[in-house]
Each structure stands twice: as C-alpha cells, then as structure tokens.
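Listed after this line are the structures, all set down as structure tokens.
Okay, so chain A shows up in both of these, paired with chain B first and chain C after.
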Partner chain A sequence: MIAKRAGYAVLALLFVVLLLAPLSGNGYIVSLCYITALFVALAYGWNLISGYAGYLSFGQITFFGIGAYAVAIGVTRFHLPWYLCAALGGVACAALAVPMGWLMLRLRGPFFALGMLGLAQTARILTNLTPISGGSEGIYLPPGANAIAAYYWTLAIMVGGVVLTAAIDRNAFGLRLRALREDERAAGTLGVDTTRSNVQAFVLSAIFPALLGGGYAWYLTYVEPNSIYSTEIELQTVAMAILGGMGTLWGPLVGGLIMSQVSESLSTRFPQTHLMIFGALIVVLLIALPRGIVPAVAAFLKKRGIA
Partner chain B sequence: MRPELVLQLTIDGLLLGGVFALAALGLNVIFGVTRIVNLAHGNIVVLTALSAAIAFQRFGITPIEGLPVAMVGGALLGVIIDRLILRRLPEDAPTAETTSLLLTFGVSYFLVGLSLAIFTGDFRSVAYLTGSWLVGPLSIGKSRFLAFAVAIVIAAMLGVLLRSTKIGRALRAASQNLDGARACGVSIDRMRTLSFGLGSAIAAAAGALLSMIYAVNPDSGSQFTLIAFSVVALGGLGSYAGALLGSAILGLAVSFVGFFGNTQLGAMMPYVVFILVLLFRPSGLLGKSVA
Partner chain C sequence: MNVTSRLTALAVCGGLLAGVAAGSGRAGAADQPPIVIGTTISQTGSYAEDAKYALQGYQLWVNQQNAKGGLLGRKIELKYYDDASDPATAVTQYQKLVQQDKVALLVGPYSSAITAAVANVAEQNKMPMISPEVSSVAPFKRGLKWVFQGQAQSTRYVAGAIDIAKQNGYKKIAVTGEDTAFPRSIAQAIPDLAKEAGLEIVFNELYPHNASDYTAIAQKIKQANPDAVFGISYFPDSIGLLRALKQANVTPKELFFAVGPTEPNFGKEAGKDADGVLSTTNWSANLKTADNGDFTKAFQAMFKSNPDYHSAANYAALQVLAAAINKNKSLDADKIREFMATTKVPTVMGTYEVDSSGIQVGYNSLTLQWQGGSQYVVWPASYQQKKPQLPFPAWTR
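What follows is the complex of A and B.
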C-alpha cells in the first residue's frame, strides 16, 4: 500500500515536471523532455502488439514514417494545419493496419517479425522513390516555434498510452491478449477470436507511432527517408520496452524514462556507435534482466511484503 | 524487349542467385538444427563482403584468396553468437522463442553499428576481374561467373559433408528429430554450436563472393537475412533443388527489376518477395531441413 501510494506520488510529480519544464523556454530542456515523451509513447505503442499480444514487431517505424510524411506533405503541398494532418495520418494508419494486420498476423511469431522488418524497408525504399515525398532530398517544413506544440502533442499521446494500457491491463481485452500470447491454440479453443484480438492490438499499436511521427516531422521541420524510417528509433523503442518490462503497464514508462536519458547522452558523445551500443545493450539486458525492471521490482517488493 | 536482353538479364540473375543460394544454405543449416530465426545472418554476409572489399582495396587480397580466412572468421562469429549469447538465455526468460529473436535482433544491430564504425556507410564492392566473356550477343561477367562457380562448389562440398560424413549425419539427425538424435547418442549441444559455426562460415563465404558482384553497405544486412529466409521459404526447408530454385527466382527478380526499374527497386525485391512468399505460403518454412 505504501509502495503504491509512493508510486502514484512519483507519477504525479513526473507528470507535473513534464508538463511545466518546457515553459522554462530552455531549448535543451525542451528537447530532452520531447525525446523522453516520444520514446515512452513509442514504447507504449510497441508494448501493445509485442508485449501484450506477444507478436514482436520490428516494423512499427513504418507507421511512424507514414505519420511523418502525412504532416510534411499535408503542410507543404495542401497548406493544412499540421495537427490535422497528424490526426489524418493516425486515421490512415489505423485503416491500413486492419488489412495489413489481418494478412501479417497469420504468420507465426518469428516470421511476423521478419515480415514487419521487410515491410519497413519496403516503405523506406518506396518513399525514396515517390516524387510527392521529395525522394531522398526530403521535405522542409516551415520553421518557427514548432517544438513546444510538437512536444505537448507528444506528451498528450504519451499520457494516452499510459491510460489505454492501464485500461487494457485490467479489462477482458487485455486478458484475451495475454491468453493468446501464452497459448494461442488453447485460447482459441476457449472461445477467444484469435485473429480479431490480435488485429485489434495491431491497429492500436499502429496508431501510436503514426501520431508520434506526425509530431516528429513538425518538431524536426525536416523529413527524409533515412532519418524518418530510422532503425535507431525502432531499436531504441524495443530496448526501452525490454528494459522496463514487456507486457507490463509501467514497463514502457520506466524503461523509456531511463533509456532516453542514456540515449541523449550517448548520441552526443558517441554519434557513430549509437547502433552498436544499443544493440549490445539489448543483448546484455536480456541476459541480465530478461523480464525487465518492473517485474523484478514487483517481485522484490512482494518478497519484502511491502506491496 | 529484345530476346538477347532477356537472355542476358536471365544469365545475370541466375549467376547472382547462385550466391544467394549459398547464403540461404548457411541459414538452412542453422535454422534446421536450432529453429532459431537468426536475424544477424545477413549481417555476417555483409560484414564479410565489406571486409573483402577493404582487403582488396588496401592489400590487394582477392576475395577468392581471402575465402578461407573469411570462413574461419564467420565460423568464429557464429560460435560466439551461440555460445556467448544465445546460451546465456536465463532460465526465467519469458519464452525462449521471443527472447532468442530479440537477442539476435540486438546482435544484428550491434553488427550494423560495428560495420558503420569500421567501414562508414558507403556502398562497397571489389573491382576484381572486371572483364567479361563475349558469347555471341551475350556478355558474361568473369567475376560474376567465378563467384557463381565457387558458390556452387562450396554448396556441393556442404552437400557431401552433410550426406557422407559422420558429423553431417549427426547434424541432419538433429534437424529431423532432436529427441531421436539424442537417443542415438548425438550431442545436441555440440550440434547446435556446430550448426551456428558451419552456417555462419557459409554465410561469410557468400559474403566474400558477393563482394565481387554486388555493392553493399552496412544497412544491407537485413536484405540478406530476408533473402536467405525467402529462399528457404520458396524452396521449402527441404531440398537443395528447392533452395536453388528459390535463389534463381530471387536472383531473376533483382536482375530484371534492377534493370527495368532501378537499383533501389531491385534492392527492394528481397523484401517484397519475402512478404509475398510468406503470405501465400505461411507454412513454407515448416518443412524438413537440409541439415
């Protein structure tokens, strides 16, 4: 009980800090808060399909890219407000994820992962070749005071991720997903519509990167295939969810908070070896702490009789 | 379309396919015995291809001369991935399949980062044997032909190893029925490490040969992982014939699309073929294995 109350107090404090810190106007603080909120939110999105439903996806960056280009193209060619484009990107990705999920989720675990990896590469190359996306030269968005707006957009999505996951963690849908993850055939026998539940999780987990990609384009004011369909972003998202604990409610938050600070200091100090370090980090984490921080702490507290 | 052009592209595609087949055979050995989807497989191909390019450019060592060293290096890398990483999978890991997939995902990006740090992001290949033989209206690239021929020789040697030696029989037994093999006194533990070593050595050979005909950069790794899985899926996890057929289809796709579209579209083919194969043959990877 004490631990629970302390946890909520920390959570409230964190939210207040994230809400107010950027008002200081300090560019470094804004960028640090933005990176944190972005990765926590991305990790929540990834956690739905890969943590709860148990289908590892290495291609969620596809939706991130579509969201980013929706904003870049909508703003520069059609002169629409960016948040409208970002929202439309989210809707488009949700609609796209239905047939895509229905097709891809027929694949058994590891082949779904490979298929999504292939999809992300295909999307990157196609974007490179499509004239409306500016090809490899990319698109410049009108610069200005974009960062703060993009930040609050991202923070709102992050909070949405926490709330949605909290709901799923408790309701029947979450229970169905976990049953499917543990034993798809047994769950099917007990009356769980396997495809339907998995596709629902896939659609939800596609909306997050899509909306976040839209904010990212507005934040950076520049999109280009390699930096948008970024393997770094995908890799870090996965690493954060693993660190915190996949398939747990607080895992993405804890993992994202810690790892985004690490990432920020790494990328300034060792820009070249970023992928190498995060790749090694995933390996070390999985060996040292396979279930992540949150389950480990929960087990510790339970043992001590605190929680 | 001129018939000579079609024939020319067909030959180019088939020769390229021979090297793809070698990469796929390496994967087949690993996947057959361990059932682990090794996402780092293509990175071993690419790492070796880039090393071969540098070895030629700096020291004048041709990929053929470097082949033994490349294969030893690949074998070492495979054994390290198995012994030092995949074996450390803790008892309380959520599920072995998920965790080993994530582990090879981590290894894969570690190797991409390592290649980027060493070789930068430039596309590289080896300008060795640049001439070609003219056969009527067709020209057959010498390096292309040599890479293909060596790939076939190595594939044949692997076939002999798997079919006619004691170790090969043990590997095949392990891939067909783990418990049965164990009951017959085969050390599954050793077979697992052996399959990683052997499969990665073959991937490295494919990489060295590839450097003669195809430019790669560190990001190309996933392309070759998916090429290898597509070939296995197209041909079923069964026969050499299937693997060769699958590689031929992929080689042709890259060659034709690369010519009529552009090289980027050509490089996209492995991904597209992979997704199509899996969608139409979701069970393509569940057949028997070569090893």
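What follows is the complex of A and C.
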C-alpha cells in the first residue's frame, strides 16, 4: 500500500512538472520534455498491439508518417489550423487501420513483424511518389512558436495513453487481448472473437502514432520522407517499451522516461561515443532484466512484501 | 549515516564545487571569457562523410582567428554536438546551445533538412545565423528573418552546363539524377533554365537513393538520343552512370554530372573515361577570392588533406560573422543581423550577398572539366583556367 501511494505521488508530481515545464521560458526544457513525452506516448500506442495483443510491430511509423503529412499538406496547401489537420490524420489512420489490420493480422509472429516493416517502407515510397507531398524535397511549414503547442498536444496524448491503458489493463477487453496473446486458439474456443479484438487493438495503436506524427510535423516545421518514416524513431520506441516492460501499464512510461534522459545526457557528455554506450547499455539491461524494468521491480517488491 | 554527517558531506561537496568554480574564475580573470559559437554537426548517420569537411572549415577559421588574437580581444571557442543526422535531435541541441550553454552566436548545421528544422530555433531566440550547408532556397521562402543562406543556390549548379550547351548549339538534353531533396531541387530547376536558353528536354527521369544498377536508365537515355546528358548525381552514382553509359555506348556531345566528379577521387576511379566530363563546384583553390590562397594552405597544414567546397562555405560563414562583429564592435544580435542582411562581404567563396529573403545571390557555381586526368575551371569565362574541350570524346580512348 505504501509503495502504491508513493508511486501515485511521484506520478502526480511528474505530471505537474511536465505541465508547468514551458512556463520556464526555456526552449531547451520544452524540447527535452517534448521528445520525452513523444516517445512515452509512442510506446503506449505500440504497447497496445505488441504488448497486450502480442503482435510485434515494426511498422507503426506508417501511421506516424501519415499523421505528419496530414498536417504538412493541410497547413501549407489548404491553410487549415494544424491541430485540426492532426486530428483528421488520426481519424484517417483509424479508418485505414480497420481493413489494414484485418489483412495484416492474418500474419503471425515474425511474419507480422516483417509485414509491418514492409508496410512502412511502402508508405515511405508512396509518399515520395505522390506529387502533393513535395516528394523527396519535402514540405516546409511556417516558422513560429510551434514547440509549446506541439508539446501540450503530445502531453495530452501521452496522458490519454496512460488512461486508456489503465482501463484496458482492468477491463474485459484487456483480458480478451491477453488471452489471445497467450493462446489464440484456446481463447477462440472459449468464445473470444479473435479477429474483432485484434483489429480493435490494432486500430487503437494506430491512432497514437498518427496524432503524434501531426504534432511532430508542427514541431519540426519540415517534413521529408526519410526523416519522417524514420526507422530510428520506430526502433527507439520499441526498445523503450521492451526495456520498461511490454504489456504492462507502467512499462512505456518508465522505459520512455529513463531511456530518453539517459540518451540525452550520454549524447552531451560523450558526443563521439554516445551511440555505442547506449547500445551496450540496452544489451546489458535486456540480459539482466529480460522482461523489462517494471516486471522486475514489481517482482522485487512482492518478494519483500511491500506491495 | 545520520543527518549531521550527511549535511557535512553535502557541505564538503558544495565547498569543493565552489572552489573549482572560483579557481576557473580566477584563471579567466586576466582576460575575458571566450566568445562561444554554437553549432551541430552530423558526426554519425547518413551525412557524416560530407559533414566532416564542413566542420573542418569552422575549426580552421577558429584556430586561425585565435592565433590572431580572437575577436574584440577575446578568444573564440566552437561548441558543437553530434546531431546524428537527425533534425529533431538537432533542434534539441540548438535549444541547449542557446538556453543552457548560453552561446553568444550560432552558425548553421549540415544539410537542408536539418537547417530547415533548426532555423526556427534561431528565429524564436532572435539569433542571427548563416547556414552554409543549405543550397535549396525553399526553406527561405517561408519568411525567415534571422537565417541567411551561406551556400550558392542549387539552381546555379547547372547554369554553366546549360550555357555551354547553348554556346555549342546542343539542343536536346537528357536529365537524370538521384531522387532525394538536393538533386531533385536542382533537377526541377532545369526545365525552366533550358527553356530560357532555347533547349529541349528529351528525357527526364530520376532514380531512387542507393540505386545499384543504371543499365535501364542508360538504355532509355540512348533511345532519347540527346546531345547532352545531365546527371544530378553524387559520387557513387556518377561512377555508376558513367559506366552504364559507356556500356550502352551512349555518345552525347556533352556529359555533365552535378557534384560527383568534383571529388578528386573521381579521376582515380573512372580512369581515362573521366576525361571530358563536366561537373560543378562552388569553390576552387584557384579562385582569386579573399584570402583563398591562405585558406587552402592553412587547411592542408592543419588537416593534411585538401578542403572541398563545404569547408570553404563554412569558413566563409565565419568570415562574414567576424566582419559583422568587427564592424559593430559588439555581439549585439540586431546589429549583426542587420549587417548580414545588407552588407556585401568578400570571402573565400566570392562576395557574400543575400536578398530580402536571406537567399544567397552573391556566390556562384563554377563548372569544372576533367582534362588529361586533372580538373580545370572552364566556366564562367572570368574564372576560366582552360577552355572547355567539346564534344565529349568517343569511349574508345
């Protein structure tokens, strides 16, 4: 009980700090908080399909890209407010994810992972070939005080991720997903509508990167296929969720917070070798805590009888 | 540990820190603290190879200037982070340079993509910034006030090749190149320039990044039967295209590759086939621009290699910055911005001059030709080292 209360207190404090960060007037703090919130929120989206439903995806960046281009095209070509475009991007991706999920979720295990990777590459090439996207030259958005607006947008989506995951963690839908993850056939014979549940999880986990991609375009003021459909963003998200603990409520938050802070401080302290150190750190952590930080801490607390 | 001993430990730590701070303060008391100039450079990731030359241009200038006593009687320090060729990382680092490191001045990063993203940081913090590694004009067409282009515009990269075609009466042009931001921005400018010069585009198709086989493109070009072939290509694809054109026995009268053959290694790799190939550079060691001879010699002495046009452009950006500071005798951002926006400054690249959008109008591109295994400037006439040899010779040499 004490551990739980302390946990909630830390959480509330964290939220207040993140909420008030832009009041510092310090652009660096806003940038740091933005990147952290972005990855935590991306990890929450990824956690739904890959953590709870158990379908390992390397293609969520597809929806991130569509969301980013929705804002870039909507703002520059149709002169709409960016948040409206970002919201429309989210709606479009949700609609797109229904048939796409229905199709892709026929694939299992490594085939699904590879299929999603292929989907992201296809999306990148299609974007490049579509004239309205500006092709490889990209689209330049108007400069201005975009960072703070993009940050609050991202923070709201991050909080949404926590709330939604907390609900799924307790409700029947979450239970169905976990049953499917452990044994899809057995769950099916017990009356779980497998396709329906999996597609629902797929759609939910597509909405997150779509909305976040919209904010990212506004934050960067420039989109271009290679830096938007970025494999680095995808892999960093996956690494954060796995390190924090896949399929757990707090895994994405813990993984995202720790990894983005470590990554930032390494890159400023060891500018030449930071990527190597970071890679080695991930390897060591994964060997030491194969299920992630949150399950390891939970097991430790349980053993000591604290929680 | 009880509370008292903890407090004692804390006090000792604090005392040590204060001592260190005071010590460094005393060391700097004799003269003023250095002027810190901030930037990011892609030391890892896809831009790392070219970005190295850009960084060396900055480093050389800082070194030379410090040897001469710095600026305003203060030493200069270059503070840079590795942006890993990622725009979002660069944005965070530019914010850090401004907000945490409190750098006095900013200069631009490598590549158009990263400049486009960090330009907003310079704008928001009202810090003037010359960006020497952005050749696309698109970033400037959205109303930037504090950022200036320090590289020749990409549309000028092909001006020489088009003028040479016009002078020699070559009418039919084939255009190809890599489908990424920089080559594409050049390729897109060609139809208008060609029309003005009365030339006809008979083929226009780009190939994807990291293409490995150029046979199909070469065959299509052959069928279009052009007088001149313009490849907007980096080093590896220039070599690939050259070989494919030879294999398909395509025999244009003029053969131009935008940037690949600018590298001295092109001659080694292509051997005799390099002769007659035209290319573009925005700088040459033979230019009679401000301090150019000193720049080249000092660069060779410091880095044991030859500078390229990236090094020259980055060096030139700091020449302009220094001129602005010396003129105003201060680091006042508004005054520096005003100077950069309105003043013509002689640099190693030529005369720095920007228009009202911050787009570079002073620097020009030069056209090179490989002749007898060496590069010579053949265009424009005012910088000509040798006359261009045309038509492009037959492949059997």
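Things worth noting here:
As a working rule, the second predicted complex is superposed on the first by the 285 of 307 C-alpha atoms of A that agree within 3 Å, B and C clash if a C-alpha of one lies under 4 Å from a C-alpha of the other, contacts with A are read in each partner's own complex, and residues count from 1 in each chain.
The rule is short, and it goes like this: a contact is a pair of C-beta atoms (placed from the backbone, for glycine too) under 8 Å apart; a residue touches a chain by one contact, two chains touch by 3 or more.
Everything quoted here is computed from the prediction, not taken from an experiment.
Residue contacts after overlaying the shared chain place A:H274 against chain B and chain C alike.
Once the two complexes are laid over each other on the shared chain, residue contacts for A:L253 go to neither chain B nor chain C.
When the shared chain is aligned, no partner comes close enough to touch A:I293: not chain B, not chain C.
Residue contacts after overlaying the shared chain place A:A43 against neither chain B nor chain C. Of the two partner chains placed around the shared chain by superposition, chain B and chain C are both touched by A:N128. When the shared chain is aligned, chain B comes close enough to touch A:L107, but chain C does not.
Once the two complexes are laid over each other on the shared chain, residue contacts for A:S227 go to chain C alone; chain B is not touched. In the superposition on chain A, the residues of chain A touched by chain B in one structure and by chain C in the other are 128, 272, 274-275. By the touch criterion stated above, chain A contacts chain B in their complex at residues 54, 56, 58, 103, 106-111, 113-115, 117-119, 121-122, 125-126, 128-129, 231, 235, 238-239, 242, 246-247, 272-283, 286-287, 290-291. Interface residues of chain B facing chain A in the complex, by the touch rule stated above, are 37, 39, 85, 88-90, 92-95, 97-99, 101-103, 105-114, 116-117, 219, 222-223, 225-226, 229, 262, 264-265, 267-268, 270-272, 274-275, 278-279, 282, 285. Taken in their complex, chain A has these residues touching chain C: 26-32, 35, 128, 135-138, 140-147, 216, 219-222, 224, 226-227, 230, 232, 264, 267-268, 271-272, 274-275. Interface residues of chain C facing chain A in the complex, by the touch rule stated above, are 43-44, 80-82, 84, 86-89, 91-93, 95-96, 98-100, 113, 116-117, 119-121, 123-125, 136, 138-139, 141-144, 179-181, 184-185, 188, 209.
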